[in-house]
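Chain naming follows the written order as A, B and C, and within any one chain the residues start at number 1.
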Amino acid sequence: MTDRGLQQHSGAEAVMHGSADKRANEEAARVRRRYRSEARFKAYGIAAIVVAISMLILLVGSIISTGWSAFYQYEIALDVTFEGSEIDANNPRTANYNGFIKSALRSQFPDVSGRKEKRKLYGLVSNGADLQAMQVVVDEPVKIGKTVRIWVLASDDIDSLLKGYIDRDLPEEDRRVKDTELEWIDQLKSDGRIRWSMNTVFWKSGDSREPELAGFWGAIVGSFFTLLVTLALSFPVGVLAAIYLEEFAPKNRWTDFVEVNINNLAAVPSIVFGLLGLAVFLNFFGLPRSAPLVGGIVLSLMTLPTIIIASRAALKAVPPSIREAALGVGASKHQVVTHHVLPLAMPGILTGTIIGMAQALGETAPLLMIGMVAFIVNVPGGITDPSTVMPVQIYLWADSPERAFVARTSAGIMALLGFLVLMNALAVILRKRFERRW
Amino acid sequence: MQTTNDHIVRSFTDDLNDLSAKIGKMGGQAEAILVDSTQALIKRDADLGLQAIEADRRVDALDAEVEAAVVRILALRQPMAIDLRVIISALKIAQALERIADHSKNNAKRALVINRAPPMELVKSIVRLSEVAQNMLHGILGAYANNDADTAIHIRDRDEDLDLLYEGYFRECLTYMMEDSRSITSCTHLLFIAKNIERIGDHCTNIAENVYYAVTGDRLGSARPKADPLSAEQ
Amino acid sequence: MADGERFNMEAAEAKVLVRDVNVFYGEKQALFDIDLDIGRNQVTSLIGPSGCGKSTFLRCMNRMNDVIDGCRVEGSIKVDGDEVLDAGIDPVQLRRRVGMVFQKPNPFPKSIYDNVAYGPRIHGLVSSQDDLDELVQTSLERAALWEEVKDRLHQPGTGLSGGQQQRLCIARAVAVRPDVILMDEPCSALDPIATARVEELIEELKKAYSIVIVTHSMQQAARVSQRTAFFHLGVLVEVGVTEQIFTAPRDERTQGYITGRFG
């Protein structure tokens, strides 16, 4: 058998031999062509990735370069005299601290006269300087009646000047900071009365008209409450809906219809959900305007399809052999799902949920419709308090004319991106940690 | 034995056909030895006798080949059902054919001895026995080649005739030996020859039973015709 | 084929009686008038080409087909005289009595101990932790796995080798004390040594259980079973003592299949 086979083979070879060279050349050419096209294909891919990464670097770079200066602030040292006669020791908050600040400034620059010049002088420090002075007294009442050197925030214009955003060489009329102010600042500098410190206001307080007093904390807390509502609503509803559709629902035209609509819902523009929230929750149910409660409800409508789709994919990824195994030992449908399928699908479901939440965290449009775009100074204390959220705060700051808000906007974006990266990292960790082999 | 329709693995069918070709070849050889040994006796032809003795070696070799082929197929193909039966039958049929050739060779050797003695009338009667055995052998080889279970049953039944003939021949020999004590040596040889032919008939019966089993999957019962008074007496 | 041949078993010997079973997937009929008896403490193997309905038939016996949309089963299947196909019978209870082992070893991604203990727990078969420990041990012993895993009961079952996983699945099926064990090609994913171990185990298990095994390996059917049923195109073509099926099948189709002439 084998001998015959070998003979046949060698016979065929002899026949082929005539055109063998030509054939070999064609073969080699074809191989070269294939290698070339593969190399080209690889190069396209690498080029696409390079473009994408450089765009990302550009974006992040520009945000960081404009935003980093918002994380520190300049302060001016003043020798404030807390007149014992003017402060009620039992109720130190009622005193006129603004007056103390002003007199401190006047004694610092005694030769300034005239209303206009004095107002400029007072404008060196932030409008919130009196609150800082008050805090000193509230913290240490022994300082009443004494002269204390305290550091107060510089006003936003001075801050910008010190950070180098205002060009000293411009003609005076084009400059927000006039020559006299420059003189005062230079003098303060030479006296060692100017320093910079970390910007704690940004992380501690709510919004403000004054850039140097405007903080992101209110927006962070607002976002937290909003997401809390979103999670509480969309996670259980989404997971239950996914479990029903995936494990229990019969496959018929009705469930097909539901499925198609859930997929469509995921594609609905978010502003539409905002309009829905405005019409239904605010106007019909009369829920409070600008509240995280309504924002959360609207966002959960928006995240629901994402969570349902991700959860269904996670459930579908659980191998049917596990279901069969459980059914085979006599587990009921419900036991199969709660004991086996759901625990195995949980990492996937949580990943999907976190991604949905991250989406909601970055969403602005629907919240504009339900009034979360209002100017809110107070840090919200609950889900019914008026508040704003991070992306809306960024939007608000981006709209503000003051020079110092440009940096705040970028700083806000950085904070928001930080949270998003954190959430996505959490999703990745969950996926890696609980990934099962079966 | 030709398989009717092909296996999906074609080489399996080839193996089986190879095996049955070997059996066929063996059968042909055994038949020839049987004929030659009888002719050697009747025609007092020593060459035919030697030829038969030589031919038996080839049958032995073929038997070894069949056995090797069967072992190979069992190991490599794990045959089932009809294939298994065909293969096991082939092994047993080859053995029977080998025995048949052996008996015939023994007859040829005895013919050489008898031929040295003066011719005897009694020798002629062997032809009738031998013819029945030849017919049986020829017929059963045909039945094997054609998967013919009915013919196989029919041939098995012919063993009865052979047994009766043998019984008759046995008495004839006894009469001869009583009449003429000088013929005892030759008669004893002739008696062994007749017994050998009777054994060949038995082997043909075995082959018939194996053919029947291979084709139908059933064993023929032990209700086998027994007309041999000697075996009955023992 | 005459009915007598199909029911060639004393009524007292039969553990499962199957009569006139027809199975439909939607409009398509998958099984036609199946009559078959499953012997008590016997291994019955179901053989036949792919798609002949043998797995479908197997899944009728513990109503695993209920899970499939559009699957309809008609006829009668009695396990120890209790009708399986009755709407009143709870499939969950039934599956405790009729256990199943699947083609691919499918241990739960839990510990070895939990894999075996899961069934007894959900069915409330044991009252104390000690009883459960004991049941897990006897089940693993029955599955000839105890010696290999007794030191790592709390390690994941998925960490075992394929053959061990399959024996773990058998232990899991045995732990709920079933009457009948259905095996759907239990060795198709195993190497020959692991297969031999499982076959040896089946030999052992048949003393206590009635076993039905679907297999694509005719050698395996021949090795482990006492009775063999051949399915073809949804029809039960022939059933008989395994030896007879593999040496002298009555039906041409059986012959053709087991000798490798079609399939």
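Just a few scattered comments:
The criterion applied here is as follows: a contact is a pair of C-beta atoms (placed from the backbone, for glycine too) under 8 Å apart; a residue touches a chain by one contact, two chains touch by 3 or more.
Just so we're clear, the structure is a prediction, and the values are computed from it rather than from any experiment.
Of all chains shown, the one whose average CA position lies nearest the global CA mean is C.
For the pairs B-C and A-C, the count of C-beta pairs in contact is higher at A-C.
Subunit A and subunit B have CA centres that are 100 Å apart. Subunit B and subunit C, compared by their mean Cα positions, are separated by 50 Å. Put simply, the C-alpha centre of subunit A and that of subunit C have 57 angstrom between them. Residues of subunit B found to touch two or more other chains are absent. Contacts with at least two other chains are made by no residue of subunit A.
The residues of subunit C never reach two or more other chains; the list is empty.
Considering their complex, residues 5-9, 12, 78-85, 216-218 of subunit B touch subunit C. If you check the complex, the residues on subunit C that touch subunit A are 62, 64, 67, 69, 92-96, 99-102, 104, 106-109, 118-119, 122-123, 158, 169, 172-173, 175-176.
Only residues 218-219, 222, 245-249, 254-256, 258-263 of subunit C touch subunit B when the two sit together in their complex.
Interface residues of subunit A facing subunit C in the complex, by the touch rule stated above, are 250-251, 319, 321-322, 324-332, 335, 339-340, 344, 436-438.
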